[in-house]
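Structures given as structure tokens follow.
In what follows, chain A forms one complex with chain B and a second complex with chain C.
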Partner chain A sequence: MTKRRTGLRGLGVALLLIWSLGPVYWAIKTSLQTETDARARPAHYLPTNATLQNYSTLLSGDSDIPAQVRRSAVNIVVECGAATIVTVVLATLAAYAFARMRFRGRNVLFYAVLATMAFPAYTTLIPLYRIMSTFGLVNTYTGIVLVYVSGFLPLATWILHNYFASLPDGIEEAGLVDGARRLQVLWHLLLPLARPGIISTALITFLFAWGQFLFPLVLSSDLSTQPLTVVIAALQGRHVVPSTLLNAAGVLAIVVPAVLALAFNRYIVNGLLAGSTK
Partner chain B sequence: MLRSTRLLAGIASLTLVLAGCGGSGNKQSSGGSTQTSGVTITVALASDAPPKAALDAFTQQTGITVNWVNIDWDSLQNKISAAATAKTYFADATNVDWSRVGQLGKLGWFYPVDSYVDTKAMQADVPQLASFTVDGHVVGIPYDASFMVTTVNTELFQKAGVNPAPRTMDEYTSALKTIKAKGVADHPLNIPFAAAEGLSTYWYETTGAFGGTVLDKDGKPQFTSPDSAGYKAADWMVNALKSGLVPPGNINVSDSQGMQNLMARGQVASTFSDYSGNVGTLYNIKKSSSVVGKVKYIATPGASGPAANLSNPDGIGIPKQAKYPNAAAKFIEWFTATEQQADFAGVNGPEKTFATYPIPSHLSAVKQMTAKGNLIGGAELVPMLQGSKPVFEGGAPSWYPKFSNAVYTNLHAAATGSMSVEQAMKTIGDTANQLASGS
Partner chain C sequence: MTVTSTTAEVTTAGPAPGTDPVRRSRVDLLPYLLVAPVMIFIACLALVPAVFTIVQSFYKVDALDPPTRFDGLGNFVRLAKDHAVIGSLGNTALYVVIGVTLSTLIGIAAAVVLQRPFRGRSLVIAILILPWAMPGVVEGILWTGIFDPNAGLINSVLSSLHLSDGNAVLLGQNRLLTIALIELVQVWQIAPLSVLLILAVLQLIPSELYEAAQIDGCSAWGAFRRITLPLARPGIAVTMVQAVIATLNVFDQPYVLNGAANTGASVTMQTYFISFQDLDFGKGYALSLLITIVTLLVSLVVVRLVYRRVEL
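Presenting the complex of A and B:
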């Protein structure tokens, strides 16, 4: 009975892995082939004559497509990096205020912030577009970063709030008794203790920002700000872009989030579970 | 202490503002400047930029600098809708697709181009201008002559010993069956059955081939009776899949995927509704095709002889939020002029050629291309363009996107077997009736 259950579980896991990783494997395999091999019928399930030529073309080629991919890769790193930094800084301060300070309307404000997570993101697309346009922020890094920050700040605040709320009051009280100001207490005493929460928040924000498509599509007009996700989608619609090159660009787009998710898996899980148990 | 408390409370409030900043609107864009010199306009199209020398010459001639933005077609439609809904500037000139003409006319998102450009003078030479006219106004000017054509891989047809230029649907179907029976191609016909726009347009073209139309002038469905062309077309398409003429995997293949992965790789022998220009821009390009020199356009097989080709061209128009509508009009006039299109099409030398430009919308430019031997299959394409017809007699209705959605969803369902052709036709017909009556 137990053996049968284990077998079924193994089968379920195998199916899930094939379902989830199959397309990723196929993209990696195609990116390592020449266009002729990739087109071969019947298809090869393992890369024949594996080559890194497509990656080399993307990373150092001087034609139009590699240049676009490289520029959009820089854009996505800048936008996600900046959004992560700003979100974490603001969320840390807000979460500390909500978790540790007493002021009128604190709970109302906190739950109002959390309530915005329930709005479908797309309902804010048009108003945000108008606001960004009015302030001349369409097609700028600042505009895209601000939109990301507005989108991810509630979740980041909630994660960090749970971390701050879980720290013993005594630490802060001791600091205040010793004459430290609030910000000094936060900086010197609480932040070191909340470091795992901050890392989790940064990772989750970065990963969410990396996967964005519709907002940067609408808010960016050209290659000066378009992230990799938007540019790859645009390349897909063109007839003459070799599928091997396109797959290599796709693999590059998933490498960064995949490495982060694998390396810091523990922090991501902890961050998302923060506050769920006492 | 108080200062830091206020600061932190302020940050908390800022969080709230940022998080909920889907707030009220603000100043809307103005009507735009009439300035036509010394300005920079943004042109957003789903295409690479024309040669730099051509754009520089335009700037020298008019004083207008062009900032060209290339966005893929689907994303561009999202941007057009988002910008128009938000009443926000994003480009001075952009794409107007034939299928959205009715919708755009009704919503008033674009300026009537006939207020800026003498469209009457170009009517005779631009047969597809009719597809861009709604309520007597021209919403956009076609910049290429896209229409649906039938392509065949002549090598596969000849290998099977069948005529590579069948003239009727019966001859065409019989040729495909022979190709399959002789094992020349396991599945010789490409029909993109993925639930997407390409399936809808394929059905419109096939309906035309069976001698009918999908909607009448009032938008009423013409395909619910089993004797109608639309019904026969749907039945023919679904049967082609069931009988193995179409690869079974095509249930999830879109139009461009079918062209790139099946037709361009010699996996299928024919695409009944292909893009005009594909022979020159895809099938004869070594980098993306293994059937170079083998694919030809044929006159679209019809019920009793060649049928008219249906137009699905892309146009260019001026959105209402354009900063410089007059300058954009000057650009459109230049971009769609016969001489310019001839240059783009390679009539006057490779340095003036616009690499990804398909076929000019001006008949005179197409004739120049054909005369100079620049248009692959030009002799076949010219009469097709001349005789091409709009998909809908009365222009694309304002509710076209919903109708098309019903078309491809139900045809896809009929292909998967989850409903019959009869049920699919009835559901699409009910949707059309509902939409046409405004309910």
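Presenting the complex of A and C:
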């Protein structure tokens, strides 16, 4: 009986792994082939005559497409990095106050933050575009980062609130008795304890930002701010772009999130669970 | 005492908190300063835009037909007459039904597989969340290689098995097939979160319950139906709400996999086309207001139906 159950579980795990990795494998395989091999019938299930040609084209080629991919890779790193830093700093301050201080109107303000999470993100797509265009922030890093931060703050505040709330009572009092100021207590006592929560929040924010497509599609009009996702989608629409090169660009776009997800999966899983359940 | 000096004064006056009722009665500004940036962001870039959407959906806001003017239900009437919009409502309903069903079933099945600890489980979970971590657009690219009519994996396997000539056009012809395959790609992205949420709830079930059930002669299937499923309901409810929100607003996957073709266009795609290609912002506002209301209502219904019955 237990043997059968272990067997079933093995089968289930195998299916899960194939489901999760199959499409990634297929893209990596395609990106390592020449266009002729990739179009072969029947398809090669292994990368015959594997070559890194597509990657070297993308990373050091002079032509149009590699230059676009490289520039948009810089953009996505800048935008996601800035959005993550601003979000985590602001959310930490607010979450600390919401979780560990008493003040008039606290619940009302906190519920207002949480209520915005119930709305689908795209509710604000058009007005945000028009606000940004009124202030001349369309097609600027600032505009994109502002929109990302406003979108990610509620979830970040919520996750961090839960971490701060889970820390034992009395930490502040102990610190204050020692004569520390309240912000020093936050900095020296609470932040180190909440570090797992802060790392989780930063990772989740960064990954969300990395995956954005419709907002930057609307908010950035040329290569000066377009992130990798927007450029890759545009390349896909052009039939002249070889599928092997396109897949190589796709693999480049998933390397960063994949490495983060594999290396820090415990933080991500904990953060997601802290953010989704009550 | 001036406002600016208050915080400095309070922070240095810390030594004996709670002993000084006079100090306490004065408004402490520090918490307000700490939450202010977040509140300002949310007010300016979430609440104001939301109000904009509600108000301006009753206005004619058209870059090609200025000026902005009150138009009553004009936008909604124009939406109701727009065949592309009506078609996209049906498409989106299919995305939601297929996506919520599949991601919930996969979530439950995978969570049961991972319920008990085994060697390498955390690695399996790490690999499982990979699709969640990737951009939807790039996932569209990855799956294009699988659905491709010429060299795609599916066609290749079909022709190797002599089931077809291997040139089947999978996307863009048959509406149901197109939507099902596109939604499969979105499920690939959202199911990992479903698994995690349900798994988290399953971890809370005491193993004694299963042992007792086994002693009572309960089969594995019976234990699943009588113990696992009822106790997993809170997790399933949260999972389904997440899936509803994601699928009702699906954009990246149909946009990349199927372009502007009406066969699989979602409501969010129509909102994008109306607002940013036709520049009829008023109509776009009205449509996004409708999606928002439907999203909130459906989420509420799901929570009521699935979550409530747990308490019984």
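We take it that the second predicted complex is superposed on the first by the 273 of 278 C-alpha atoms of A that agree within 3 Å, B and C clash if a C-alpha of one lies under 4 Å from a C-alpha of the other, contacts with A are read in each partner's own complex, and residues count from 1 in each chain.
The working rule: contacts are C-beta pairs under 8 Å (C-beta built on N, C-alpha and C of every residue); 3 or more make two chains touch, one makes a residue touch a chain.
All of these numbers come straight from a predicted model, not from anything done at the bench.
Partners chain B and chain C, brought together by superposition on chain A, clash. Counting the residues of chain A that each partner touches, chain B and chain C differ, and the larger count belongs to C.
When the two complexes are overlaid on their common chain A, residue A:Gly250 makes contact with chain C while staying clear of chain B. Applying the stated contact rule after C-alpha superposition, one finds that A:Pro242 touches chain B and leaves chain C untouched.
Applying the stated contact rule after C-alpha superposition, one finds that A:Leu46 touches neither chain B nor chain C. Shared-chain residue A:Asp222: touches chain B; no touch with chain C.
When the two structures are aligned on the shared chain, A:Val138 is found in touch with chain B, with no touch to chain C.
Contacts of A:Phe103 after superposition: both chain B and chain C are touched. In the superposition on chain A, contact is made by A:Pro127 with both chain B and chain C. In the superposed model, A:Val113 lies in contact with both chain B and chain C.
Taking the listed stretches 8-16, 134-142 or 224-232 of chain B in turn, the superposition on chain A shows a clash with chain C for 8-16 alone.
Looking at chain A, you'll find residues 39, 41, 90-91, 93-94, 96-98, 101, 103, 106, 109, 112-113, 116, 119, 123-131, 146, 149-150, 153-154, 157, 181-183, 214, 217-218, 230, 233, 236-237 touch chain B in one structure and chain C in the other. Residues 10-12, 14-17, 27-28, 30-32, 34-35, 37-39, 41-42, 44-50, 52-53, 56, 109-110, 112-114, 118, 122, 124-146, 148, 150-153, 156, 159-160, 166, 188, 192-193, 196-197, 200, 220, 234-235, 238, 242, 245, 248-249, 251-252, 255-256, 259, 268, 271-272, 275-276, 281, 284-285, 288-289, 291-292, 295-296, 299 of chain C touch chain A in their complex.
The touching residues of chain A, counted against chain C in their complex, run 5, 9, 12-13, 16-17, 19-24, 26-27, 30, 38-43, 90-91, 93-94, 96-98, 101-104, 106, 109, 112-113, 116, 118-131, 146-147, 149-151, 153-154, 157, 172-173, 176-177, 179-183, 207, 210-214, 217-218, 229-230, 232-233, 236-237, 243, 246-247, 249-250, 253-254, 257-258, 260-262, 265-266, 268-269, 272-273, 276-277. Chain contact summary for the complex, chain B toward chain A: residues 1, 4-5, 7-9, 11-16, 18-27, 29, 42, 44, 46, 48, 67, 69-75, 78-79, 82-83, 85-91, 256, 259-260, 265, 267, 281-282, 285, 287-288, 290, 356.
Residues 35, 39, 41, 64, 90-91, 93-94, 96-98, 101, 103, 106, 109-110, 112-113, 116, 119, 123-131, 133-134, 138, 146, 149-150, 153-154, 157, 181-183, 214, 217-218, 221-222, 230, 233-240, 242 of chain A touch chain B in their complex.
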